[in-house]
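Same chain, two partners: chain A is paired with chain B first, then with chain C.
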Partner chain A sequence: MTKERIALAMVVVLALLPLLFAAMGESYYLTVATRMMIFGIAALSLDLILGFGGLISLGHAVYLGIGGYAVGILDFYGISNGFVQLGVATLASAGAALFIGAVSLRTSGVFFLMITLAFSQMVYFLAISINSFGGDDGLTLNAHSDLGLNFGNTQVFYYFVLACLAFFLWLSFRIVRSRFGMLLRGMKFNESRMIAIGFPTFRYKLTAFVISGAICGFAGALLANQTLFVSPSIMQWSRSGDLLVMVIAGGMGTIVGPVIGAIMFLLLEKVLASFTTYWGALLGMVLIALVLMGKTGLLGGMAKGGRPHG
Partner chain B sequence: MSATLLLEQCLNGMQLGIMLFLMSAGLTLVFGIMNLVNLAHGSFYMAGAYLGAFVYASSQSFLLGVVAGLGGALLIGLIAEFLIFRRIYKGDHLDHVLVTFGLTLIFNDLARLIWGPAALFARVPPFLSGQVNIFGLISYPAYRLAIIVVGLAVAALLYVLLRHTRLGMLIRASASNRTMASALGVNVVVLYALVFALGAGLAGLAGLMAGPIFTVIPGMGDNVLILAFVVIVVGGLGSVEGAFCAALVIGLIDTLGRSFMKPLFGLFLERAAADNSAPAIASMLIYILMAIILFFRPQGLFPPKSR
Partner chain C sequence: MAEPMSDVLLETRQIRKRYGGIVASDGIDLDVQRGSLHAIIGPNGAGKTTLIAQLAGQLRPDSGTILFDGQPVDRLPAYQRARGGFARSFQITNVILELTVLDNLALAVQAREPHSFRFWTDASRDPSLREPARHVLDTIGLSTRADVPAGQLSHGEKRALEIGIALATEPKLLLLDEPLAGTGPEEAARVVKLLASIKGQLTILMIEHDMDAVFALADVISVLVSGRIIASGLPTAIRANPDVRRAYLGDEGAA
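Let's turn to the complex of A and B:
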């Protein structure tokens, strides 16, 4: 089965899921599943730069925050038009990614990792210190983004998020199969060779970084819509760590893997949290075991070439 | 803005800088030598703070608290190195991030399990609880001054250790070419464990001293860890001297920014605007500084020469 087929099967299953939940009489599950899909979009966006560009960003949650706050702040000023809100969220994240990328892509490896982390902390502390928008306590939204759809209805919102997920899956497959995607992969394996061939690699990496940030910002806007609330904690550094875990657990460089990874991660979180308040420690052990046993994620074996080592 | 306030804030900034240096020295050494990205370094800081505060409170002996905090962090570092870290040195940075992120989660929950989610009270020892008069200008808390003195002494010791002892020579040799050092008969496995434990001990010392100033809570190491990352990136990865300079600069700028940004902005902004924007800018200041420095010098201010 190709990755596209897996993605298609997943979307079909997700489309049928509400019927099952309705039959079970468990409408709460729908909310949980919506959240999973939103994080699926975020994880997918990280996979574009991590799995295909080989860029380890430890600050990806910052775009969730920027997207979420864009919706929250527009709502605060009484602008509830959904096209404006989602548009601004996406553009603001893209802009932030352009700036962060322009600085951090000048470096590589561990420098890159730490700089992306530092930038996300910067925005995190900015959100904490601006009291007009709630500061540490967060910002409660007055209404959902108005797209002419009733987002207050969990079913409607579920299908909207599913449609977005399907679109971004399609878009990502298009991107990685394109010439641009090939160049990205080439740079991941041997950047100096790509430069020698004559490609301005910085420009391509920055483009990928911006696309990734924009998609993640969109996911942040969806997240704000789901909870009608944004707070600095959605861009805490551990959230960025969670996103990395989702991508790697699902399989880097597979597009659909990270979405499944996100679903598994949140499912595991829910299940473990129902047993014990110390689920973080359990998750930590799973993580360590995952790496020490050399696993490459659920769909890892499907990524051609695997991970570069050394 | 009075001169005494400025002096006091400078001392506060130095004290923060010293703490950051103790944290980042281990981080940068471990990266320089083992090429390891350690997100769990903040856990050693937390371990030092918890063990120090707990043992001091239950034994009523400050000395015992210091020994427990410092020794505990060192020992935990040694055990973690033996059980986990030495298996991942050869892995890529992504492996490091995942494993050490997992370890951080485990250590944070462990602290919560043992001491509960609430903050643990850390006491200042009686003989350091007073104020010290500095040059007849200001009276400054003795404890904070002691942190500066201890930190500077440790920095000097570390310099001597790295530059003027046989062990330091071996450490520097392994940092510049570990394969060659190993081929010449240096026991790299033992050396790595030593360096790792040294770094953990320094972080533990920082946590131990930070206990009475900041709150001792689960996850307390995370924010300091990120500041330490900023320090070692600005200072140049792998360079202890660079980390020292960067730590002091960042400690000073952060502290001075937080205390003087508001009056400074008040000079050319309306009061309300200044009150709103100053804290926001002050909290971002060091990250902005880092971005500027890295834009012009992507390898940091003082990159190690020998690599």
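Let's turn to the complex of A and C:
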């Protein structure tokens, strides 16, 4: 099964899921599933730079925060137009990624990891210290982003998020197969060779970083809409770690794998938390088993028969 | 270009490079004629790879000038030199093992384009990349191996691909750093045949230890010893040169 088919099957299943939940009379599940899809978008965005560019960022949740706060702050000033809110969230995240990337992409490996972490911590503490936007307590939104859709209806919002997820999946598949995507993979495996044949690699890595940050910022805006609340914890560094886990466990460089990784991660979190308060330890064990057995993540094994990208 | 085309494509003047106490390049003057295959020989540690790296832009000389087509290039970063017509192969095979042979070449073809900010069309189905890549594939004799990951190639095939990647960028000057490194007799013969087939189509500067290959292929040979060119000339002249025999060829005969 190719990765595109897995993605398509997943989207179809997700589209039918609300019918099942309705039959079960469990509308709460819809909210949980929406959250999973939002994190799926965030994980997918990280996969673009981690799985295809080989860049291990430990600060990716910062874009969730920037996207979320963009919506929160616009709402605070009474600007509820959804196009403006989502647009600003995406552009602000892209701008932040441009700046963070311009600095951090001059390093690699563990230094890259440390710098991305440091930037995300800076923004995190900035959010804590600005009291007019709630500081540590966070910021409650007055209303959903106004796109002419009733986001207050969980089903409407669910399908909106699903449409966004499907769009970003499609977009990412296009990107990784394009010339830009080919070059991205070439740089991941052998950057010095790419320079030697004439590619100015820095600007391409930076572009990938900005695209990734922009998509993650959009996910942050969705997250703010779901809970009508943003707080600094949205971009805590452990959240960046969660995103890494979702991508690695789901299958790096597969686009759809990280989405499934995100769904599984949040599902396990919910299920294990219902058994024990020490669910974190159990989750850790599941992850170790998954990574040791699979090496390539959930989807690495599933999609093995498929042709590699390109 | 108002100037008439010179016969010299690459010219270095007094290139110096020092690592601590070691002088790797000690005032190197080199003229590479357009269209020639120019070989540089010299014992281990003579500074051959350092010279190539300075020409290709991975290293910057401490002093001296590199002129390419009459223009100084020693301030240009490696990627700009590549775009200007330099291509380099590496002593240690430097292909993308995870990608197929054809993808390796297609990426090198892609490198010729003004930019790669193209996010939409499927690169693996783009004839403007694939056809030139297939053409190079034929040249290097790997047509049957197009869809094999480069990591699965034999050493000799990897050496051919290494040269193919450089060729696919359509360079004016091909810098070959020990193209025969690590090859057995059969594989070496294959690479020599490949080099003989492309010789004359572009200018080649080659470092090589295999004297049979060098004397079979080279139009001009320069001998580098301890960071200095001690002799430069036709293969017959080099073979007869007493300094060269003493400094290099004699050593090898004794070893």
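Assume the second predicted complex is superposed on the first by the 292 of 310 C-alpha atoms of A that agree within 3 Å, B and C clash if a C-alpha of one lies under 4 Å from a C-alpha of the other, contacts with A are read in each partner's own complex, and residues count from 1 in each chain.
Methods note: a residue touches a chain if its C-beta (ideal position, glycine included) is under 8 Å from a C-beta of that chain, and two chains touch if they have at least 3 such contacts.
Here the structure is a predicted model, which means the values were calculated and not measured.
In the three-chain model built by superposing on chain A, chain B fits alongside chain C with no clash.
Look at A:Ala94: by the touch rule set out above, it reaches neither chain B nor chain C. Of the two partner chains, neither chain B nor chain C is touched by A:Met36. In the superposed model, A:Leu139 lies in contact with neither chain B nor chain C. In the overlay built on the shared chain, the residue A:Ala196 is in contact with chain C alone; chain B does not reach it.
Here the apex is the CA centre of chain A, and the angle it makes with the centres of chain B and chain C after alignment on chain A is 80°, in steps of 10. Touch criterion met: A:Met182 reaches chain C, while chain B stays clear of it. Within the superposed three-chain model, A:Val11 lies out of touch with both chain B and chain C [touch as defined at top]. Measured by the number of chain A residues touched, the leading partner among chain B and chain C is B.
Here chain B and chain C sit at a least CA-CA distance of 13 Å once the structures share a frame through chain A.
When both complexes are aligned on chain A by C-alpha atoms, chain A residues 310 touch chain B in the first and chain C in the second.
Those residues of chain A whose C-beta lies close enough to touch chain C in the complex are 174-175, 177-183, 185-186, 189-190, 192-201, 204, 207, 310. Those residues of chain B whose C-beta lies close enough to touch chain A in the complex are 31, 37, 39, 84, 87-88, 91-95, 97-99, 101-106, 108-110, 112-113, 222, 226, 229-230, 232-233, 237, 276, 279-280, 282-284, 287-288, 290-291, 294-295, 298-299.
Residues 56, 58, 77-80, 82-83, 87-88, 90, 94-100, 103, 106-108, 110-113, 116-124, 126, 129, 165-166, 168-169 of chain C are the ones touching chain A in the complex.
Residues of chain A that touch chain B in their complex: 56, 58, 103-104, 106-107, 109-111, 113-115, 117-119, 121-122, 125-126, 128-132, 237-238, 241, 244-245, 248, 277-278, 280-281, 283-288, 290-292, 307-310.
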